[in-house]
Amino acid sequence: MNLNALLDAAFEEDLGPGDLATESTIDPFAVGRAELLAKQDMIVCGHEVAEKVLSKSANLYGGAVKYEILVPDGTRVKSGTILAKVSGSMRGILVGERISLNLLMRMCGIATWTATYVDGLGDNITLRVADTRKTTPLWRSLEKYAVTCGGGRNHRMGLYDACMLKDNHITAVGSLPKAVAKAREKNHHLVRIQVECSDLEQVAEAVTTDVDAVLLDNMDNETMAKAIATIRETRPRMVIEASGNITPERIPSLAKLGLDVVSAGGLIHQARWVDLSLKVRR
Amino acid sequence: MNLNALLDAAFEEDLGPGDLATESTIDPFAVGRAELLAKQDMIVCGHEVAEKVLSKSANLYGGAVKYEILVPDGTRVKSGTILAKVSGSMRGILVGERISLNLLMRMCGIATWTATYVDGLGDNITLRVADTRKTTPLWRSLEKYAVTCGGGRNHRMGLYDACMLKDNHITAVGSLPKAVAKAREKNHHLVRIQVECSDLEQVAEAVTTDVDAVLLDNMDNETMAKAIATIRETRPRMVIEASGNITPERIPSLAKLGLDVVSAGGLIHQARWVDLSLKVRR
Amino acid sequence: MNLNALLDAAFEEDLGPGDLATESTIDPFAVGRAELLAKQDMIVCGHEVAEKVLSKSANLYGGAVKYEILVPDGTRVKSGTILAKVSGSMRGILVGERISLNLLMRMCGIATWTATYVDGLGDNITLRVADTRKTTPLWRSLEKYAVTCGGGRNHRMGLYDACMLKDNHITAVGSLPKAVAKAREKNHHLVRIQVECSDLEQVAEAVTTDVDAVLLDNMDNETMAKAIATIRETRPRMVIEASGNITPERIPSLAKLGLDVVSAGGLIHQARWVDLSLKVRR
Amino acid sequence: MNLNALLDAAFEEDLGPGDLATESTIDPFAVGRAELLAKQDMIVCGHEVAEKVLSKSANLYGGAVKYEILVPDGTRVKSGTILAKVSGSMRGILVGERISLNLLMRMCGIATWTATYVDGLGDNITLRVADTRKTTPLWRSLEKYAVTCGGGRNHRMGLYDACMLKDNHITAVGSLPKAVAKAREKNHHLVRIQVECSDLEQVAEAVTTDVDAVLLDNMDNETMAKAIATIRETRPRMVIEASGNITPERIPSLAKLGLDVVSAGGLIHQARWVDLSLKVRR
Amino acid sequence: MNLNALLDAAFEEDLGPGDLATESTIDPFAVGRAELLAKQDMIVCGHEVAEKVLSKSANLYGGAVKYEILVPDGTRVKSGTILAKVSGSMRGILVGERISLNLLMRMCGIATWTATYVDGLGDNITLRVADTRKTTPLWRSLEKYAVTCGGGRNHRMGLYDACMLKDNHITAVGSLPKAVAKAREKNHHLVRIQVECSDLEQVAEAVTTDVDAVLLDNMDNETMAKAIATIRETRPRMVIEASGNITPERIPSLAKLGLDVVSAGGLIHQARWVDLSLKVRR
Amino acid sequence: MNLNALLDAAFEEDLGPGDLATESTIDPFAVGRAELLAKQDMIVCGHEVAEKVLSKSANLYGGAVKYEILVPDGTRVKSGTILAKVSGSMRGILVGERISLNLLMRMCGIATWTATYVDGLGDNITLRVADTRKTTPLWRSLEKYAVTCGGGRNHRMGLYDACMLKDNHITAVGSLPKAVAKAREKNHHLVRIQVECSDLEQVAEAVTTDVDAVLLDNMDNETMAKAIATIRETRPRMVIEASGNITPERIPSLAKLGLDVVSAGGLIHQARWVDLSLKVRR
């Protein structure tokens, strides 16, 4: 379902058959203006989708809105900053207000929270801090975009664009090498295969297989250092990723280990909404 | 869009054209079992949707799953509790794992967080602690259900099932009494009208109109007490609701004021996901 | 399903894979003009949807139409009046002719028929003559709009925007007060509740409950007068509605009783189509 | 759009996000029974769609209904007859009541009204009394089915399954023979072509063309008799249809003229709903 | 499903959640140009759909393309001819390249192959060489259009726009005359009925029925000549069609028999794709 | 769009609003049986989809079919072999006949034709003969499945599951190494990147980049041998694929070069339908 359809569904959910307050009090052709205001410090994210929401809303009433961006996505701002000015169909603005804020508040929240992890990288410019598939169903694209506004990187988009063999797959198949062999045989020749390893034994198994990448899951830093050494010895081009219990505080120490990627679901699922308002001006 | 369609779209997002890992390693007709495990203290919420997700997933592969609930929704559990047992199509379990957890982790998170507000009510059994329209687009029903699992109450579902005149409407129309009069004239005779008041002056205006309910917005407790007294004097059946800056800590003092409803978006948007896993057992 | 989708489905039904007559005889880019003619006395209703139909039709053939309204919706006209002029894509006009007339003839019919009820109100300007949920499935919005063109008022839109407890609910629950109490407890605090009363006993029960409105069902005028007196005594703000066996002839006597609303399904379901034509002019 | 999708949309329209009355007062798993009662004399029509509506409704609440037909479609019944018994999910019955009745009342109305035309045929068993494309958009199949329950016959389903050249096509092309020639050349070899003739001159033109059927439009009986004689002389297999100003009273005289088909939009668009109720029984 | 929806689905199939190559290497707003080149001799067909594909593709990236036709549909060209020039959004061109070529290569293939049949007609200008319902599901319209570009004619579009009684129907009903009688009674009066005859006995039966057209199936030329003579004797207006084992080589002899139509599935299903490329120019 | 929706659309295309022949002649509840017969030598492919088509068809008429497979997919059979027996709803069989055959004839055709390539591999068991993205839009899955029934292998499914940089990308970016570098930087860490090389110069460039696979496009065997030697020297794990002008005749010589994959669009787009019939038996 593309963004357009998702937003239609969002209006179906919130507006349904009509806005009893707005449609009864505001003239169909009334116009006005409003300001999008940051009510706390944050990193800005979501202008494009907010603009789409408000345009769609205005369009429902045969009108239009102009959305003027004052501070672009990815910028760090102080509480009290006006982020955008909106003008046009008053019905459109009032009806689209809640949906646009519900998306903006969440996206700014994720961008702001992601930055607390990325800040820990210091001068390590090659290590990627990436999100995971732990996202709110249907909003993965927007949430992953918010991660990039906070300086993070994206992992695979879904189950279809990479072959990651996790503990559950290995348990179900019976052994790590067997799982890798099956995956290599059945997939087409342009698929990268990654395998999750929870201890050094599995790392040792992994390097003997035709695998392209390894995920070190829930290891402490010391174990990880050993795993990385083992891998680099025989498979210098292998992609090495770490995940599990990744907090902002832990990033500086991870940045020194020689990893390619650190991934954390918390970039998205531990982020809280920040406070924004869209106030009509006289 | 009903729940069924939302879940279809969630699979379209995450599974897309196919799970490269599961489909290449797991036999189409393999069966197995897994356990849903609470990895921290929480209030349980979301079994019904998790079961739907896993059934849908299994169905995609021509199989079925049995989802056995061990601890029902609304129960407070300790970390380490097994909440449900799942058995059946192994492909179904592995492919549905992430989507079901992404919903469960969020819903348990909201239920758990809502309870921190509701606990503050003490022995006040008539005051409702309610959510708002600040919800994740498309998931409002599930999030509002999670609020009830945590002991909270639901506010209106959208813009269509009640007429709430907010500050932006009043600004756009020009005055509070004029907004109420227009709303009453244009709406059918079974619509309740509520008006947002930000100070005592507006409360005084509101009680002179044909309004059914008042929202006291962002007032301190002392101002609220005065507002309530003013209203009850002339309009004893009026519904009185308070909102704005509602935290768990503030609930006990609000519970003493004689309000009908306290509403807070934070029940939902300040809740973080809790940790759950779905592990395959040999 | 919004109007746009309904009209698409109407073309799917009538046009299907193509118009064998028009597509074989009319050049794709031919243009022409036609007139919408009232072939009997009527109240006009439906220009907006007719224009949408013809635009959609023209658009299917890569063309456009101009729809010029000569007599606006809500006007009473004599047989022989030209209501609109249409010009543009000849294929568009011929293919959209039937669907636009099928909607216009029905809508003008409802508006015209509704006026025979409303005319009976005389100088009572506060009593609302309203429709009901007895509408043609999928066309409720347009039929309710036609009612307003004839001077009528709309009742609730569906089951979701008011809580009306009917005889079947009371039978199923066991008693009127129990039904009201359940409805009040389970619904959010901005829902109005109405209860249907078929005799004075039920009216007496209703006024003791926390109900906002009463529906006097199938009562004669004398009984209704007593019911109204009973209600106004203790619940002056209660909304009082009458329904059942409402004919145009009965409206004048009902207008004297002190009711707030009279509702009748017949506004819509006893209306017959009026006669209109859309003739191509050379 | 198939019937299933139309009914889904009908529930979307009437039920929307939920039935505030039924869902708050009736237990999810409560069961009960109800009777479908004819409240005036009528021809029965619509059991199949009513059953689908109630099943769909019950299904929305995880239940089922049993719909027992007591008097089948096409039967003439007296007021007071019980037509069907329904039992099962009480929520399903209450929520589906209005949509099922809205369809049944209309369909029984059309069947009953159509019979007043067909009764005029007397012992003429070959003349078809047929409907037209003047039907309520989206409900053509059901309305045409109701016509057959009243003893009428169906005309073409839409613009795609026959080539009927009407006055507007002839006007646009410039002449009747030219229109027929174009239609014959452009259509595939299994298309029947009919041409509308409004006077004897056009009839004389029509018989010289490669046309399969003629529509005598708005002629009086005398003119029609002449037209039929002209046609039968040279084109004995030609299909002859009459339309325009067809009332039940006129059918007996038309039945003597030697026509193949008489068609009238009024079978459907002049039919009023008949009265039915679905009452819950204790 | 209209062409627009089919193309959307084609992008969903090929592009899915995104083009990893194009989106990572080409700037969103980059523009460029490309040429559509015939890499073998062919008849051109498909410009309109190719333009739609490329426009849709460009539109996905917020851009547009200009598609300039150099050689119109239906033209015979030599290998090496440039058929069209495309300019605009580079992402749009690269992402739409494959889908547009997949349609063009197939359509040009059908047009080119159909011409080998039509060429055999010589100076017989009334015999139609027609396609059948043996088409690739969902692409029937485009394939039938390609047939006309090669000089062929179209047969019925589907099961709904003509009544063709085939051997399986006759077997199931029990006899040819019984099948025709049933079809005539049940269908509306503007349906043409055709019956398939596999030998002269069936032809003799067919001419005694109220049938409009006959299909001579799998007969040799000599038998066909006899069948045609039998039919023309009593039913001069009957449409006569031949099908079964129709090859380009056989057309000249069939053109001499006095048939109205020769139909062959092979026009479409024996056609191979021709070679085309869409190359970006610097 | 999943297979179910594609088949629904196929019925919408072919059946549309109804089968005039079958519905008028065959009783709704009639049952019967039919046989699927190979009318030439072929490899069988498509039972599963044929069964779905016939089930869907029967289901449209409230019936069911039993589809008994006599010869499974992937088997080489002689002309005259009965491949399956179908029994059940006669309407279902007759209405679904054409769609099921249109899919089966194409799929068997592709499987049969693919085998002429695969046969050329001799005892080389590691070289994959793969399809490409040159498939009929919307039917890629079924066509790729048919390739596997003929012994071929599948390439990537679309633009989303691998990053293949083709000549047009390189032209647009300006140089091969620059294109690879951009693709590596922008894509997530589990994407494999392949680059198309049209001469040895490009091969030399490719091995210096961080690319995972190379496509040798339109090279003769001698040039290919040099390219393979160059690559294997420095990048032993690189995947090497050849494409362009691949015919069945050329496979044996290619099988000796040390390639990993040979891909050819012709497996699918040069395949012609084979002849099958579904005949009703008395």
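To keep things simple, chains are lettered A, B, C, D, E and F as they appear, and every chain counts its residues starting from 1.
Keep in mind that, in the parts below, a contact is a pair of C-beta atoms (placed from the backbone, for glycine too) under 8 Å apart; a residue touches a chain by one contact, two chains touch by 3 or more.
Here the structure is a predicted model, which is why all the values come from computation and not from measurement.
Engineer: Touching both chain D and chain E: give me those chains, sorted by label.
Structural biologist: A, B, C, F
Engineer: Centre-to-centre on C-alpha atoms, which chain is most distant from chain A?
Structural biologist: D
Engineer: Between B-E and A-F, flag the pair that has more C-beta pairs in contact.
Structural biologist: Between the chain pairs B-E and A-F, A-F carries more contacts.
Engineer: Based on the averaged CA atom positions, which chain is farthest from chain F?
Structural biologist: Farthest by centroid: C.
Engineer: Averaged over CA atoms, how far is the centre of chain C from the centre of chain D? Could you give it in whole Å?
Structural biologist: 22
Engineer: Nearest whole angstrom, what separates the Cα centre of chain A from the Cα centre of chain D?
Structural biologist: 55
Engineer: From the C-alpha centre of chain A to that of chain E, how far is it in Å?
Structural biologist: A distance of 47 Å separates the two centres.
Engineer: Going through chain A residue by residue, note those that touch at least 2 other chains and give them in order.
Structural biologist: 16-18, 20, 157-158, 160-164, 191
Engineer: Report the topology of the inter-chain touch graph, choosing from line, ring, star, complete and other.
Structural biologist: complete
Engineer: In their shared complex, at which residues does chain D touch chain B?
Structural biologist: 16-18, 20
Engineer: Within their complex, state which residues of chain A touch chain B.
Structural biologist: Per the touch definition, chain A meets chain B at residues 1, 6-7, 9-10, 12-26, 30, 32, 34, 90, 93-95, 97-99, 101-103, 105-106, 133-140, 157-169, 171-173, 179, 182-183, 185-187, 191, 269-270, 272-273, 279-280, 282.
Engineer: Would you pull the chain C residues touching chain A in the complex into a rising list?
Structural biologist: 157-158, 160-161
Engineer: Which positions of chain A touch chain F when the two form their complex?
Structural biologist: These residues of chain A touch chain F: 128, 130, 153-157, 160-164, 188-192, 194, 212-213, 237, 239, 241, 260-261.
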